[in-house]
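What follows is a single structure, written as structure tokens, with notes after it.
The chains carry the letters A, B, C, D and E, assigned in the order they are written, with residues numbered from 1 in each.
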Amino acid sequence: MVEPVLAIDGLRKQFGGLVVTDQVTLSVAPGELHAVIGPNGAGKTTLINQISGVLPSDSGTILFAGRDITRLAPHRRARLGLARTFQITSVLPAFSALENVALAVQARSGSSFRFFGDAAAEPALNRPAMAALDEVGLADRAAVPAGHLSHGEKRALELAMALVTEPKLLLLDEPMAGTGREETARLIAVLRRLKGRFAMMLVEHDMTAVFALADHISVLIYGRILLSGKPDEVREDPQVVAAYLGDEIEFE
Amino acid sequence: QDKVQEKLKVGVIATLSGPPAVLGQQIRNGFQLAVKQLGGKLGGRDVEVLVQDDELKPDIAVGKVKAFVDRDKVDFVVGPVFSNILQAIVKPATDGGAILISPNAGTSNYAGRDCNPNLFVTSYQNDQMHEISGKHAQDSGKKTAFIMAPNYQAGKDSLAGFKRYFKGEILDEVYVPLNQLDYSAELSKIAAAKPEVVFVFLPGGMGVNFVKQYRQAGLADTIPVFSTFTVDESTLPAQQDAALGFFAGSNWAPNLDTPQNKAFVAAYEKEYGAVPATYAFQSYDAALLIDSALKATKGDTKDRDALRAALRKADFVSLRGDFKYNTNNYPIQDFYLTKVAKRADGKYQTEIVEKVFDDYADPYVKDCKMK
Amino acid sequence: MLTVENLQAGYGETPVLFDVGFRIGPGEIVTLLGRNGMGKTTTIRALMGLVRPTGGNLTFDGQSLAGLPSYRIAQLGLGLVPEGRQVFATLTVRENLVATAAARFGDRWTLERVYDFFPRLAERRGHLGSQLSGGEQQMLAIGRALMTNPRLLILDEATEGLAPLIRSEIWRGLGRLKQEGQAILLVDKHLDAMTRLADRHVVLEKGHVVWCGSSTELAADQSVRQRWLQV
Amino acid sequence: MSTTLLVVQVLNGLQLGVLLFLIAAGLTLVFGVMDFINLAHGVQYMLGAYLAVAFYGLTGSFLLALVLALAAALLFGLLLEAAVFRHLYGRDHLDHVIATFGIILFLNSAVKYVWGAAPLSLPVPEALTGSIVLAPGILYPVWRLVIIGSGLAVALLLYVLVSWTRIGMLVRAGATNAEMVSALGVDIRRLFTLVFGFGAMLAGFAGIMIAPILSVEPGMGDTILILAFVVIVIGGIGSIRGAFVAALLIGLVDTLGRSFAVDLLRLVMSSSTARTVGPALASMLIYLLMAVVLYVRPTGLFPAKGR
Amino acid sequence: MTPAAAPADAVPVLTRPRRTVVLPALVFAALALVPAGAFALSAGYLLDLFTRVMIFAIAALSVDLLIGYAALVTFGQAAFVGIGAYAVGILASHGLTDVVVALPVALLASGLFALVTGFVCLRTKGVYFIMITLAFGQMAFFTASSLAPYGGDDGLTVQERNTVLGLPLFEQPLVFYYVVLVALLVVYLLFRALVASRFGRVLRGAKDNALRMTTLGFQVYRFQLAAYVIAGMAGGLAGFLLANATEFVSPAYMSWQRSGELIIMVLLGGLGTLHGAIVGAAAFLLLEEWLSALTEHWKMIFGPLLVLVVVFVRGGLIGIGAALARAAGRRGPRG
């Protein structure tokens, strides 16, 4: 078996008396799209925060590309090739869409202690940024301040920002939330195209998207992994249906 | 002859904003009162008095004084209230060719090593005011003292001044942060130390706060307070009864018994509705000083040597009585112990208790190269 | 009960809505459909007085909403579940629910009933708004609007971020509300559920109403679905 | 240093703390709860003191003066809110800073224009002038006890108001998202106006209560303002409890520092060095304290949660 | 508005700091012409006044760099000015009066102070940052006040202005004026380049959404610290010039009121524009100068003026200018 990009072992996080993630163990193979689903408040966002380093973990280990990153600062993890999007949209509202992405390019290039030269006119930053915007369908909105974009557009922008950092692993927290059907379909197409380029971990309540994209699904309930397996196994599992999917089959 | 007819310009610079504004106003008022009483003339020449606020900021003061000298071409600058402003403006004023008359601040460096032929002080050398209390405490046989001042240069000078003559035991020497509001901690210390006398130098609002709180803590009836710049006519309206019986050292008091002074106090009160403090009278004297010198030079200010010599003579009747200049252009004068009292008309003032120094010159003069 | 005619509005100098008109009768459920950025949220904000309309008429129960501050509009009985949840981050769950609660038009919705509806909220009643998961915040936003006992409930992407199970709960709940006679204005992306639930649909495209009709008409009219909704 | 003195100084420290809290209370309310930086709090405090002096002059009764001055301070606060603050809700903090700085300049100057530059005074109410004996030879003024009592009362009142009442909830909610509060049917503007008026009244109340022990003069609110900010920042913005604890802490540190810094330093250095270093250190102590607290806890002792 | 003659592969970007040229050029041209005006009116004091204006403009620029581009609202910037000034004063009192010594020492000392305090301050954010910078400013103030050998609270007279390689150039008001002007221009151009650079973009990004910047992989702290040190050194430069201009140094240069005034200057002129800081400093000081000449109660006019500016114009005086320009542009043909 190939070495996983991400291997989590026994991860735990507690807020006061509330245990939010507990004994979470899972691994993501290179190029794989691994979906994490589960009821509201199950701890999915918390898990992503722990992996990306926004929240410190109480116990357990996180191996990223073979390296222990459990105690690493978030920006260091990002430099190692760990990118993420936020559940609650997080862009730089005063910057244009293009500049948002260009900053991400700059972050990857690593040389930001440059005090001279007009950053906004650097083709080395703008070209890849423009390409990424094009990829998510925002090319014609490049000059609009991110704060003025609609909800769905911001989502797409976040994705573009993550893309250009050429991550080894991309953590996606509900990228489809708030996007319309058309955009959802487009995002699914974009993600499908990206599959294989790098590994992804997708947290999503839109089952259409999850079953269309996932190679592997883990179900998180009350902070614990209930089940981890191929999409078909998960879909049929009575426990998952009872706790999460419900009777209304919206997908397909 | 034409030149003499030209208006004489005098620039007054004083702190007119913030809490110490009341002191600056006294300086301005005192000077303007004198000019008014002299018929709008000094030494026979029509005067234009320009007033500027230094905002208690040295760099602002420098700018304003430079403007006096360069733009307004004043012959005299009168001011300021505070020592740190004096330090800042001596150079721009005197380098610019004006004569600076300080109606209040009198620092030791200008009395000694930095003495300046173009700087005349109508007040005192700062230390002297503190020495009065020390000398009196010593002479009246006090054995123990508790002394206190704000933690800055003038504060340190004041306690040094007190100790110069007081040879008893200093139970504690306390420096409080500048502009301290609450003195409970210090009052408890005083109550615990039980000194025979307390000496404080707490100018302005600090003095008001201290005196009120000292009285409220019940100490005022048991331990006498000697002070400088803590109880005077600028703070008494706020201290009122709380300050009754507090002692201070001064070169003057409103009730000093000379005809000129009586007239001055009456006129000042009539004009400005407040009892004058030393700031006002020293600034009034500054106007008299200029007047006397210009009379001697027949209004001429161009011949600076003659003008300086005339100022040096101090040929006027000071409100304080005896007054003459030492070689460092600081006064030789008498100093008194004063005490706060309530007048028949309900107003408060300091009143002379006894003379402590006679024709007293500051010691720094020996460092001054001027002869 | 709500009439919107020729509504125009925008942000700053950018016009967003050009001609929006529809009406909602008592007990009706009406949806606003359209792709991202077509002006659904802006329409709702204009209704609530959060964006000043630059033209057109808005009336609720015969009373013009023009120029009314948003709290007056809300007091007339409009209850909003805003896009993006916007729960009060520094208030606890319970405080979020009771702070703006009102019983101007009946008191069907009480704290207990909301807790019954969303047991999860009861479990988390002491948490601050900011300490909730995305879905929990969404439940809270819905509960908060219900606690004002509105006559017209406005849901802007209210099922965003909710687990499928909870989502179906909500649809079922809305169905029950409809039976109780609650009027609802709905924006969502789950077309199937909405077609089942709603009486009429309004399709927005670039700030214009381009189609309007009942669920059956919508189901039948393939061209509308393809052209404006990309289904 | 004797134990009695230590005990007395601790009491003095707590007393100063309550005093500081009294001043900081209105500021926390408006700043912490409504997210509005009101630099004019200091001048509102000053105005309270001046109004009390003025009304005392007219009526000759402290109680009447207190009531009238409070009413006037409230009125003035409402006026100010309508004229200036109202336009600045939801704007950047810096806009608050510059506008309220303008108000400081204006009021400091206006007060001087109306009442003159000379410090004024307000006597302690006749019935409360005495002192009580704490320890042999150490008296404690009754008025100080009154101040402590009113400070505690204000603390309690505020705590209950903000944490437990619906008004408190709405105001806190409005601070983070005024638009939503309004969209849910609450007239948030009026609520803010009320809070401002109340804040102004609290500032005025502090000014009135403190006037009998301090000099009433133009600019008296400026240094106080900084102290009040230090208090609420150390406590954690938005936390009434934090402000209260921080005020006591500062009162204690400042008082004990002033009282014993020199003595303590003498243990480790020569007497004369201690004399120069001690007072300088004492002056900086609260700032040092603030720097240390913020270094260790970057959002104060009791950070508001959820921001 | 520049005509759309952009290079072919440039993409439209709205948020690059607007490269306004006309207004800054006008400002500097006006400043360069002040001496001519002063001599024409034979009003030599104008030179002093505008020298002062430009010195404060440098300090205000440093504040604008921090507040306007990095959202670091510093309430202790006067400390750096004071440190620069004290470097001059203390060196002079030991007989070291040449620029070659004084300027590097002033810059180094203020830079070092910024490095050390910034290290601590930048752990905090928002209002906490405001207050912790105030705390360090106050500590610097109290330290200066207790420097008994250098005048303590009374301050220290600088006997003569710094010499340049032994030449007493600064003693010439006109020469000194242009020296200050050049210093201002250099700082302005430097900062202008800085905020548009990659470095500046990170700063601005962190101002907008620091958490996002961190997850992108930027260690925001280091960038902010660098900016803090640069701003501190600019403050030190202003102090160096101020000590030479007033020939006096005083703890009062470090007071919190002064730090506050610097913020007000920037806000008055227009935040985040750089030239706004210059305009603001000029407006503040000139208004202060003229109003205080009018009446002793000038603050009763100045205060409400500030309030009006905030309430009715966004973006300070520069904002008024821009609004007027827009209005004119709408009516007249586009140029």
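Quick note on the criterion: contacts are C-beta pairs under 8 Å (C-beta built on N, C-alpha and C of every residue); 3 or more make two chains touch, one makes a residue touch a chain.
Values in this document were obtained by computation on a predicted structure and should not be read as measured data.
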Note to self: Starting from the defined contact criterion, work out which chains touch chain A and chain B both, please.
What the structure shows: E
Check: Taking each chain's centre as the mean position of its Cα atoms, how many Å separate chain A from chain E?
Finding: 43
Next item on the list: Starting from the mean Cα coordinates of chain B and chain E, work out the distance between those two points in Å.
Entry: 38
Margin query: Need the CA-centroid distance for the pair chain C / chain E, whole Å please.
Written below: 50
Check: For chain C, what residues touch not just one other chain but two or more?
Finding: 131
Check: Which chain D residues reach two or more other chains?
Finding: 108-109, 112, 279-280, 283
Next item on the list: Please set out, as single numbers or ranges, the residues of chain E touching at least two other chains.
Entry: 145-146, 148, 299
Check: Every touching chain pair, please?
Finding: A-C, A-E, B-D, B-E, C-D, D-E
Margin query: Which stretch or stretches of chain E touch chain A in the complex?
Written below: 7, 9-16, 193-194, 196-202, 204-205, 208-209, 211-220, 223, 226
Margin query: Can you tell me which positions in chain E touch chain B when the two form their complex?
Written below: 43-45, 48-49, 52, 145-146, 148, 151-157, 242, 245-248, 250, 252-253, 258, 289, 292-293, 296, 299
Notebook entry, point to check: Considering the complex alone, what residue numbers of chain A touch chain C?
Noted result: 15, 38-46, 87-88, 148-153, 174, 177-185, 205, 207, 243-248, 250
Next item on the list: Under the touch definition given earlier, write down the residues of chain D that touch chain E in their complex.
Entry: 31, 37, 84, 87-88, 93-95, 97-99, 101-110, 112-113, 222, 226, 229-230, 233, 237, 276, 279-280, 283-284, 287-288, 290-291, 294-295, 298-300
Note to self: Taking the touch rule as given, give the residues of chain B at its contact with chain E in the complex, in rising order.
What the structure shows: 16-17, 51-53, 56-59, 62-63, 66-67, 70-71, 83-84, 87-88, 90-92, 107, 151-154, 156, 178
